[in-house]
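A, B and C are the chain letters, set down in written order, and residue numbers restart from 1 in every chain.
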């Protein structure tokens, strides 16, 4: 791809794209600014990396429009944009080689149940098993070894990587991506304790609904609702090995990092950021745009939008940092007490001598 | 189902079932008390929900026999029982539509090894692989894509959801349920350190034994013993993404919530409740009926039955709550020290002036 | 196997192996010292177990060369070695019955893509799916239901248990073992936030490289790099349910216990020991031979080799233990403050009376 072609490609997404330097040089690959070679394109989106402006071997660097590149433009070309990071991401998409998960069409070894509806341009891989009455929207890709139990609905343009399992009744929106090993719609963990200490299973009669543009990592578990639906809303992103229990509702564009665990009937608002290994007690609610630190333990609802939470039990960041500072101050505090104590002894002695 | 039929059905499980209201109204589905509609049945098992007695649209409400329903019975019917929660659970089981995991009989695409014993009424799904000398008890369901290595034994009436893997020699009791993606009997994590810092693998020669009526969630891992057995006892319930290491013994009716991790050779008693994301160091023991809070870190044995544990390192609840209260009191404590300190300074000054 | 044969077998690994007792007795199985029976072999590698020297039923006991066995040798035989633990591990390997994961040769139901290279003596199990241009080194075992996307390379003598998924471009060294359900090479969790709060996926164009003699547990997730490689170096051992994010580098012979989570672009040195459920923030570095306690939260780099870390946020063990001791001392500290306060009051009163 020539630099001119890159400029034109980015021009489809951004109003402002300004080229300084050669139009015709060929660019073969994207690379990190530290390791980029001649013929490669990189980017600088963070002041920390401005130092590479003059030393990088990259033939093309994408920078913010405010960056002064006059001293460096003799040796390489620049594209100035308003958001160099996102511009580079779009460029990565351009360079990405397509991944074949399953060949076009339905593999002869795939097992398709009765009454299944399959849209145009669908790929279904080897040994996939599609239960009765499922529907698969056009241009979706069902990887090898995917299993859909009955009555599952997959929206258009979705991608299920090898070995995904969707239990009966799960509903996926459009352009949903689910990575290998994830299990959506298994039974919620509900058992009624009996007098003798044993348990009776509570039938899990609900489903899981996953909105458009959701991406789910590998080996994730999202349980079906006891009644009604467990809901993952449009645009949410869920990392590997996350657990989402029955009847949870995850808001739009909320991001959940790896190994976080959300107990039953938790409602999380829109655009929240949940850190890795964070844990949530059941039946609580988080407002929109809340940030939860990694390994935090959320034990109650937080209804003020936009706050940051940290610690166990988690509290708003300001309180928690004050608390942590106090903990770090225990040694000087102890020293102060000991000093006061010895002064006290001295005083008492003197007084007795009066 | 008519209300009369529901009363008769519950009468099979409970001594006391008393109907107030219509016998003949048709009930089509169960629902939560807040959202129930005409023609649906709901329940109240908690005082918090008593307020819905007069406002719910449900045609039938299951309540405790002590609830006074005289003011509300004109508009809907009531069934009085001793345990409305469990009664509702049984009713859910009645309403639950059967889930087809695999059709009756053995799928022509299932691969069955040599010397395999298969009981009556077994279902084996598409592409299941059953190793040599396995036995599968009558009426069990082996989902599509389940893999049993050799010498595995599955008891009667068990259900393995799609994609479960049982390594060689695993033994399941009767009515065991294992959800998708769980791996039972993989090698314990044992390596002998060598002088050069590398490791030699310790062969994991034992097995996993799982008792009757155990339910295991999705993407769980339970490792085989080095020698002998890792044991999950009758009635235990294990949630998604739990890790149970080699040579552990989990007691009867013990419940382990999602993402908890039990290190090697831990023994947990009967009827314990282990919170989500809790972690256990190796080679320790918990007595019966112990409750472990979510995210707790158990670093030593606790041999007194029935206690509750919390914190990191975990300690009995009373100590831990006192400790946490003390932590919350650090700010006033610091203030007090500062106040004493300035009083001290004043005192010293005065004394010098004497 | 006779005791003489065991002695000769161990002699292949160790310079010093000395037999006291019978040469000809038959040994049928290894066992723990507490439960060993006649005809079995056990070992003592820890002073705690020396008490069993005189009481064990084992016919053969492996001990350190320094152990004085004169009083016990009438009833059983002993093998003296320099490292009884490792000797016993080698003996376990001798007694281990071979596990059949897949029969020799390529299962007729395995799907092999175009341009796949398969070495001598390879086993490929039922329903395995091998993508285009993969290569599988000689004597490797690909279990049933394993899926390799395209361009995957598996080194000689490797073992992939049933249901492992390797995404496109993953490279495994020699003698790599991966247990069931693990997903190697899924997309890194990278999304570029947009002004409207939604996210654009960052293409994950890199791969995962896994070195020789690495063992990976069940249901592990190791993500591919955004650009370049996520690297697991030679000899590393990774337990069940571990998450390793994009662009991490794990050093040689480093051991990571179950459910630990390593965020993106973390570099961990050689011969480190990472405890279970430990969590790492992104973009940090650990030196060689560092030990991280279970459930610790590593929030910054630690560059001094050989230290131990613990707590949240984690700090060097000495600091952390001092800190934890201080926390345990809060109650006496509070008592001391109260005592000083009342002494102060008394003093002031006295002074006023002067």
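Operating definition for what follows: contacts are C-beta pairs under 8 Å (C-beta built on N, C-alpha and C of every residue); 3 or more make two chains touch, one makes a residue touch a chain.
A quick note: this is a predicted structure, and the numbers were derived from the prediction, not measured.
Chemist: Using the touch definition from the top, how many steps at minimum link chain B to chain C?
Modeler: So the least number of steps between the two chains is 1.
Chemist: If more than half of the interface residue numbers appear on both sides, call it same; otherwise different. Which is it for chain A and chain B?
Modeler: Answer different: the two copies use largely distinct residue numbers here.
Chemist: So, what's the distance in Å between the C-alpha centres of chain B and chain A?
Modeler: Each chain reduced to its C-alpha mean, chain A and chain B end up 27 Å apart.
Chemist: Give the residues of chain A touching no fewer than two other chains, as numbers and ranges.
Modeler: 127, 145, 163, 181, 219, 241, 259, 277, 327, 330, 333, 337, 340, 344, 347, 351, 354, in rising order.
Chemist: Spell out the part of chain B that touches chain A in their complex, as residue ranges.
Modeler: Touching chain A from chain B are residues 30-32, 35, 85-86, 89-90, 92-93, 95-97, 99-101, 109, 125-127, 143-145, 161-163, 179-181, 213, 215, 217-219, 235, 237, 239-241, 253, 255, 257-259, 270-271, 276-277, 294-295, 327, 330-331, 333-334, 337, 340-341, 344, 347-348, 351, 354.
Chemist: Which part of chain B faces chain C closely enough to touch in the complex?
Modeler: 111, 127, 129, 131-132, 145, 147, 149-150, 163, 165, 167-168, 181, 183, 186-187, 189, 191-192, 194, 197-203, 205, 219, 221, 223, 226-228, 241, 243, 245, 259, 261, 263, 277, 279, 281, 297, 312, 322-323, 326-327, 329-330, 333, 336-337, 340, 343-344, 347, 350-351, 354
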